[in-house]
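To start, the structure under review is shown below, and the notes come after it.
Here the chain labels run A, B, C, D, E and F in written order, and each chain numbers its own residues starting at 1.
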Amino acid sequence: MKNGIGHHAIGEPFDNFLLIKSSTKGVASNGKPFLTLILKDASGEIEAKLWEATKEDEHTFVAEEIAKITGEVSQYRGRPQLKIQSIRPAQPTDGVDQSDFLETAPVPKEDLIERLTEAIFEMKNPNLQRMTRHFVKTYQEAFLTYPAAVKNHHEYISGLAHHVVSMLNLAKQLKELYPDIDLDLLYAGIILHDLGKLKELSGAATPSYTLEGKLIGHIPMMVDEIGGVAKELGIEGEEVTMLQHMVLSHHGKAEWGSPKPPLIREAELLHLIDLVDAKMNMLNRALDKVQPGEFTDRLFAMDNRSFYKPLFTNEHDE
Amino acid sequence: MKNGIGHHAIGEPFDNFLLIKSSTKGVASNGKPFLTLILKDASGEIEAKLWEATKEDEHTFVAEEIAKITGEVSQYRGRPQLKIQSIRPAQPTDGVDQSDFLETAPVPKEDLIERLTEAIFEMKNPNLQRMTRHFVKTYQEAFLTYPAAVKNHHEYISGLAHHVVSMLNLAKQLKELYPDIDLDLLYAGIILHDLGKLKELSGAATPSYTLEGKLIGHIPMMVDEIGGVAKELGIEGEEVTMLQHMVLSHHGKAEWGSPKPPLIREAELLHLIDLVDAKMNMLNRALDKVQPGEFTDRLFAMDNRSFYKPLFTNEHDE
Amino acid sequence: MKNGIGHHAIGEPFDNFLLIKSSTKGVASNGKPFLTLILKDASGEIEAKLWEATKEDEHTFVAEEIAKITGEVSQYRGRPQLKIQSIRPAQPTDGVDQSDFLETAPVPKEDLIERLTEAIFEMKNPNLQRMTRHFVKTYQEAFLTYPAAVKNHHEYISGLAHHVVSMLNLAKQLKELYPDIDLDLLYAGIILHDLGKLKELSGAATPSYTLEGKLIGHIPMMVDEIGGVAKELGIEGEEVTMLQHMVLSHHGKAEWGSPKPPLIREAELLHLIDLVDAKMNMLNRALDKVQPGEFTDRLFAMDNRSFYKPLFTNEHDE
Amino acid sequence: MKNGIGHHAIGEPFDNFLLIKSSTKGVASNGKPFLTLILKDASGEIEAKLWEATKEDEHTFVAEEIAKITGEVSQYRGRPQLKIQSIRPAQPTDGVDQSDFLETAPVPKEDLIERLTEAIFEMKNPNLQRMTRHFVKTYQEAFLTYPAAVKNHHEYISGLAHHVVSMLNLAKQLKELYPDIDLDLLYAGIILHDLGKLKELSGAATPSYTLEGKLIGHIPMMVDEIGGVAKELGIEGEEVTMLQHMVLSHHGKAEWGSPKPPLIREAELLHLIDLVDAKMNMLNRALDKVQPGEFTDRLFAMDNRSFYKPLFTNEHDE
Amino acid sequence: MKNGIGHHAIGEPFDNFLLIKSSTKGVASNGKPFLTLILKDASGEIEAKLWEATKEDEHTFVAEEIAKITGEVSQYRGRPQLKIQSIRPAQPTDGVDQSDFLETAPVPKEDLIERLTEAIFEMKNPNLQRMTRHFVKTYQEAFLTYPAAVKNHHEYISGLAHHVVSMLNLAKQLKELYPDIDLDLLYAGIILHDLGKLKELSGAATPSYTLEGKLIGHIPMMVDEIGGVAKELGIEGEEVTMLQHMVLSHHGKAEWGSPKPPLIREAELLHLIDLVDAKMNMLNRALDKVQPGEFTDRLFAMDNRSFYKPLFTNEHDE
Amino acid sequence: MKNGIGHHAIGEPFDNFLLIKSSTKGVASNGKPFLTLILKDASGEIEAKLWEATKEDEHTFVAEEIAKITGEVSQYRGRPQLKIQSIRPAQPTDGVDQSDFLETAPVPKEDLIERLTEAIFEMKNPNLQRMTRHFVKTYQEAFLTYPAAVKNHHEYISGLAHHVVSMLNLAKQLKELYPDIDLDLLYAGIILHDLGKLKELSGAATPSYTLEGKLIGHIPMMVDEIGGVAKELGIEGEEVTMLQHMVLSHHGKAEWGSPKPPLIREAELLHLIDLVDAKMNMLNRALDKVQPGEFTDRLFAMDNRSFYKPLFTNEHDE
C-alpha cells in the first residue's frame, strides 16, 4: 500500500478513502464548532480538522465509519496533518470495507495455522502436546486474528500468530546450535506465552483492554487457564508447573510483570526469543520507512532510540 | 519461656533440653571430626560445636532430635555460641516433645477460628461469603497451624491465622473511620491473601519452599485457586475478578511480586493493613527483647533499621 | 455543591458565579487579544477563553474577583473548557463571597478543636502534653483554617486540622489493637507533624510557598521550633528529642524529605497513619466523582493510578 | 574428566595430581605454621590445608606447581575442602603437564580457525572483509587460545574463539529468518567485538587485567585499534564508523560499559547474540553438573539465580 | 546587548534586526498559510508567527537570513511571543552581519590562545607537552571558535576555549593547596578533554551532531585520536595511557558516558574541575538575569532547580 | 611515624607499645579461652590473638590501656595479624601516653585557629560575622580537637578544623576566579557546615554517635542551633535563613541527608568545595601509602575504587 496515508509527504495532495478511528468535537477561536478526526488506512494514521462542522457532520463522521477525502498533507506543530478540501461518507457502491484499512501480517493465516499444527505434531511429550493442542483448538479463530500487542510490535491483524510462528522457527534453529534444549517445552511455552491476550484485549480490529485485562493481566490469567485445562484433561506432574512457570516468567523480571524470573533453561530462552523477535519486528518496520543515510523515528519501546540505516547496507547482495 | 536459650546472656550457664535444627560434620585443625549443631527452643536459636565427635554422636545428634545439654553461653566472632560440657539424647521418660520447642502464636487456635468464623458470618455479599467460607473449610487445619512467613514476621505456629485475625480487627476499625469501605470485599481479601502459602511452604513446623512455591509463588497459585473454586461453586461476576485482584495486588508493586498494583480502594487498604500488622509484629517482638534506653538488633525486613526504646515509654500508664 | 462546575458534563449549559483564580492575556491568530481565565468554585476548576477582550475586560476580570457567567461546558484537547456566552463582574447586591467558592473540610471547626483539646487532655506525660498544648494555643487560628497541602490530599480550608483529627482517631483504635504503643508520644507527633506548614505556606485560601518554605521546608522548621519551645518552657530530657525525631522522620525516607527514617515505634506508626489517612482522603474523593463500573482520573500522588469502582460495591449495605 | 576434583562428592577418597593455583602461609591456633592451597584440575577447584608445614613445604608447594595428593573430600563452613593425607611434588617421570589441568573449549582449534576463515571468505563487502581479515591474521595465535572472560562464561582455553564461532553460527541462522540483516557487518562485528580482550588480559592460562585493561578497557581500546587499522589499510567511509560503533555499543547500555547504545540494526543484533550465547554457555555448563530434579548453584552473572532441571527433560528424545 | 530580544518584557514594543534560526510553514484555522519563525540575537531567542504568509514570504524569510522587524512582545501559553507588525529582509546597506547575532565568550580569542600557550609552555613532562602542543596546533582555529556544548553551559562562540582556560586557572590554584597534584598531567587532561567535540559537532555557529558524533561520541573519538597522535609522534609509555584515561573518565561514571571512572588522582580532579566550572558558568549567567529577591528560571542541567538571589548579596562589597 | 604498626610488612618482627582499642574473649577449639585484641597507634590498626589467656590477662588487657608487645606480623584470611610473642601492660615509667597513639592533623591547632579568626575578621556582613564568631567562640575547644568524621576523611584529632581551613583557602581562590561569589556567606557556611558534629559525636579521641546524633543528625541539629543563636543575638532577616539553608543543603541531595538541595549559588559552591576537599584528603592519604606503579586499597567512600599512582608522577618536579 505504497500510496497509503502513511507514505504521503508534506505538501502532497490526497484523494482516497480513509477509516475514521476517532472523532472529537471542539470549538474554534471564532466560536464555530469543528471536528478533530483521526483517520487511518493500513499504512498509517493522520490527524485532520473538519472546520465549521454541521450537526449532520457530527453524526456522519464518527468512529468506525469510512470517508472519501480530498485534501493536502500539511504540517502542524511538527506533525503531519491532513488539510480537508472535501469529504463524504463512503457508499455501499464504493465497495470499500473496514478490513481494507487494517494492517495485516505479511504471512497468510493458512500458512500460520499450518506451521502451528506442524510444531504441535513434532512434540513428543504427550502431556505438553495435549495441553498445547487443546488451547490452539479452543482459541483457533481468535489466535489467528488477534494482534500480539496494542502497539509497538506485531500490532496488526494476525500479529499474535505471526509472532508465535517466527519464534517457533527461531527455537528450531537454536535447538540445532544448543542440542540440550527441551524443544517440546520451548514450543509449548512459545505457543501459549501470550495467549492470555485473547482475554486481555477486547478484539482483533481496534483492541482495548478489558476490565479483567486491566485488573489481572494476561500473565496471571493464562497461568490460571493452564491450571484449569490440566485439571480438565486429567494431566498431573511437573509438565503443568513448568508450563505455568514458562508463561509466568516470560517477561523476565518482576518489574516487567513476571513475579518469578525464568528459573529453567527453556524459560530463559523463551524470554530471549520473545525479545529478539519483538525487536526485529520493530526495527525492520521502522527501517523500511527510511532511506539509507537516514535515521528512523524514535522507537518508544526500544528505549526511545532512533536507528541509523547505513549507506552501504546490503549493497553487495545480489 | 523466660529461661529459654534466646534469653541467655554471654557467660551464663545452661542446663536444659534443646531441639536439634541441623547437624553438620566438620574436621578440626587437629584432624579430629566435630559436629556443628544449630539448637533451638521456643525462645530462639544458638550454634554449638561438639568437639571430637564419635561415629555414634554423628548418628545420635541429628536434625529433629532433642538433646539434654549442659554448658555455657560464650561468644564467637561476635555471635553467641553454646559451649557444650555434656550432652545426651532425650529419653521417653524425659517427657519432652518436639512441639515444646516451637514458638506459637500468643492467641489460642480456638479463638482464631472463632474470630474467622464470625467475620465470614458478618459478610452480606453471598458470592464473596461462599468463596471465602469454601476456602476456610477446605484448608482449616493447615490455616490454623502454618506460619505467615518463613522469617521476619508471624514466623511461628498459627502465625498465618494470627496475622489474618489481627488484620480483620484492624479492618473493622477502619470501616468505622472510613464508612465507604466495602467490608465484605476487604474481609474476603484479608482471609485469602496469603492462603497460597499453604502450598508454597512444605509444612508448619520447619517450613521450606516447595518446587511449585519456588517456580510459581503463592500469589499466582492463589489467583489460580480462586478461579477454580469460583467455577466449582458456579459463581460468576465481578466478585471473582475483584477477589483475584485483591490477592494479586496485595504486595503493592511489581518489584515486590504483584504484577498489578492495587486498583480498587479495598485492594489498596488490604496492602496497607498487611504492612501495618507485619511491621507492628516485628517491632513489638524486637522491642520486647530490649530494655528502655537500648536499641534493638537490626531488623532486616525493616530496611535493616535498629529501633530505640525511649526511657520514658508508657511510664505514665497505670 | 452538586451543581458546581466540577460536576458539569460536556455539553451542559452553565449559569452561575465563579471565582477567578488567574487571568492571562494572549493574542489570537486573528490578531485580537483574549483572556485565558481559570475559574473555580468549591466543587472544582475549569478553563475559559474570553475572546476579543477589551482593555476594560483586562482590568475587570482579574484574579480573586468573582464573575457571573453563562455558557456551555465544551472540550478542548481532551480537557473540559467553559465556552463563555456572557460574563459580568459580581455586584455587592449579588450577595456572594470569596469563601463561598473555596472547598472546606466536611467537619466543622468547632468539632475539630474539641477533638484536639480532648486528645491533649488525655495525655499523661506532662512534658509532651505541655509542649503540644503550647503549640496548639500559639497557632490555633491558623491550625484550624490551613489546608494540609497545596494539592493531592486535604487541600481545602481546615484540611490540616481535619487530617490531624482523623489521624488521632486512627491512633486511638490502633492503641486498642497494639497496647504497647505510647499513645502520648503518638498523639503529640500527630498534632505537630505538619505544623511547620503554617510557615511553609503563605495562607489558607490560596496558599503558595514562602521563601523559608522553599529554602528550609516545614520539617526542619518544625524541628527548630520544638527546640525553641522546649527551651522556653524549660523542658529537658528525651521527650524533646523524641518529639523532634517524630516530626523529622515522618516522611519515612531520606528521598522523601526525612533525613532520618523512623527509629522508634511511634515514629514508624506516625508515618504509616499519615500514609493511610492521606491515601483514603484522595481515594474517597476521587471515587465519589465516578459511578460504579467506572475508573477515576489518574491520581498523581498515588503513582498515577486510575482506580476502579466495582459494580457491586456496598450494594448489600442497608 | 569425570573423576576430576570438581566431580568428587563429600566423603569420597581422592588420589590424583592437582595443579597448585595459590599457596598462602598461616599460623594455626597451636602456633604452628600451615599452608592454605587452592588446587585445580580441568574439572574444578578445591581448597586444602597442609597442617604443620615445614620450611621445605613452603618452597615446594607454590603456585603453578603440580602435586600428587591422596586424601578425602570433606566440608568446612558449607564448602568442600580436601583433607590431605599425603602430598608430594610431581616428578618429570610422572608425565603430567600444566596444560592437562586447564579447561579447554569442547571444539578443537583447527575447527575454530576453519569456521572463522570461512566466515571471512563469505563476506562480500571488501572494506569490512579486509579489516576483519587483517585483525584475525595479526592476532591469530592469541585469538585461538584466550578465554572470552576471566570468569562467568567461556572462561577456558580457546573460549574467545569458541564464543565467536557460536555467535557466527547463530548469526547465519538469524539471517535466514530476517533476511534484511547485513550479514557482512554482523560477521565483522562478531569477530572483532571482544578482540580488545587480548590486550585487556595478561594471558590465556591464568589471565589477570593489564594496566591498560584496568584504565581504558577492551571496548575503547578496540575502537582505537580499528581506527588505526583503517588508516593503515587506507580504508575510509561509513564501514569504519559502523564497525567502531558495533564494538562500542555491544554491551548495550552506558551502565554496562557502552557509551553509546546500539543505533543500527546489526549492532542491536550483535548485543542480543552475545547475550544469548553467553547465557546458554553458563546455563548448559551449570545444568550439566546437576541431576534432573535438582537446582544448580547460584549463577552470579545471571542475577544470582539458581536454575531447576525438570525431571522429564528430553526423556522422549531418542 | 541590554536592548536585545532576550531582555524585552511582555508588552514592550520591538524594532530591530533579528537572525532567523528556523522557519516552518503552517495552515491557520481560517485555511490561510502562516510561518512560525524562531528569531534570535546574541541576547536570546523568541518565537513569532507571520500570519497570511505569501509564497514570496516563504522564500524570503528562511533560516540563516536576517530580518528587520517591528512589533510587540506578547505571551502565548505562558511563553513570550513576538507579535509582528512589519517585517522586511535585511539589505547590504543595513550593515548587519550574522556574527552580530551570535553570543560570544566574554574573553577575547587572543587572551584565550595566550593563556593556552602559556600553560603548555609551563609543562615539564616532554611527552605530555608534545602531545598537547600537537593537538592545539592542529585544531587551533576550531578550538578558538567552537562552543563547549550545544546547550546548558559555555554554549557560545569560543565557549570551548573559554571553559578550558577557566579550568586551567582553577587547576593552578588547586596545585597550590594540594601540592602533590601532577600539574602537567592535569593541564594536558584539561586542554584535551572535550577536543573530540570539534568532530562531534558540525560547526561553531549553529552546531548539530555529526553522524560520527551520534554513533561514536566525543570521548571514544578523542581516545582514538590520542592513540594515533602518540604513534605519529613516536611517544610510548604510561603518559599515553594516562592521557587516554583522563579523557575517557572525565564524565565520572559509566551512566554519564565514561566507561571507566577516574582511577588516578588527576582524573578525579579533572572531573571535579569540569563540574565546578560548568556549574558556575550556568549559575552566574542565570543569576545575572534576575534581581535580588527573585528566583531564576529552572536550570535543566542542574537537576531542574530554580536558584534564589539573596537580597543582601555582596551589598557590603565596595 | 614510619615504624608504626600501619607500616609493617608481613613477616617483619615488631617490638613497641600499642593502644588497646578493644578486647573480646573467645574460646578456642581446644576449649581454652583467648583474647582478640584490636591494637592501634597513630599509623594504623592490627588484630592480634592472645592465646590461653588467664583471668588476669582478661582484666589487664582491656580497651584504652597501653601494652608493650613483641611479636611478628603474619597474615590470616588475607588480612595482617600480629602474632604475639610477649605482652606486658605499660608502666608509668614507660613514659607513654594515650595521645601518642592517635593520629593528628598535619597542621598545628594554633595555625588553624589563626586562619579561622582571620577569615571571620575578613567578613563584612555584620549579621553573618556575628553569628559565625559567636559559634566559634562557644565551641572553640571542641572545634579544634574533633575529627571531621568517624571514618573516611579527616578522621583524626583536629580533623574538623583542618577540613574547614582547607575549604576556606579553596573558597578564597574561587572568589578570585568567580568574583560574583558572596564570600561572607560562603565563609560562614564553611565554618558552620559540620559544627553539628560536635553534638552528633561523643568525643574527639574515640568518637561514637550520641543518641541525638542517631535520631536527629548533625544537619537538623545545626539548623536548630542557628535559629537559637540568631534569636539570642537579636538577628533577623535573610542572613539567618540563608545560613540555615547553607547548612541544610550541604550534602547536596535528599538521599544524602539534605532535605533541600542547594538553591543559592553559595550553597552549591559549599557542597562542591566540601566534596573536593574530602576527596583530596582521602586520595592523598591513600596514595601516600603506595609506590609509583601500584594501586591503593579500595576506598569505600569513593565508590570503592582503587586508585593507580603513575610511574612518572611529578618526576619532573624539582
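Note that in this section contacts are C-beta pairs under 8 Å (C-beta built on N, C-alpha and C of every residue); 3 or more make two chains touch, one makes a residue touch a chain.
What you see is a predicted model, and the numbers here were worked out from it, not measured in a lab.
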Co-neighbours of chain C and chain A - touch as defined: B, E
Repeat of the C-F interface, chosen from A-C, A-B or D-F (over half of contact pairs identical by residue number): A-B
Most distant chain from chain A, judged by the mean position of its C-alpha atoms: F
For chain E paired with chain F, centre-to-centre distance based on mean C-alpha positions, whole Å: 40
Whole-Å gap separating chain A and chain F, where each centre is the average of the chain's CA atoms: 61
Separation of mean Cα positions, chain E and chain D [Å, integer]: 46
Junction residues of chain C - those touching two or more other chains: 29-30, 211, 214-215, 238, 242, 263-264, 308
Chain contact graph, described as a line, ring, star, complete graph or other shape: other
Those chain pairs that satisfy the touch definition: A-B, A-C, A-D, A-E, B-C, B-D, B-F, C-E, C-F, D-E, D-F, E-F
Complex contact set, residues of chain F against chain C: 211-212, 214-217, 219-220, 223-224, 227-228, 231, 238, 241-242, 244-245, 248, 254-260, 263-264
Complex interface listing, chain B residues touching chain D: 24-27, 29-31, 211, 214-215
Chain F - residues contacting chain D, complex: 28-30, 34, 49, 51, 74-76, 78, 81, 83, 308
Complex contact set, residues of chain C against chain B: 124-125, 166, 169-170, 173-174, 176-178, 180, 182, 184-185, 237-239, 242, 261-265, 268-269, 272, 275-276, 279-280, 283-284, 287, 302-303, 305-317
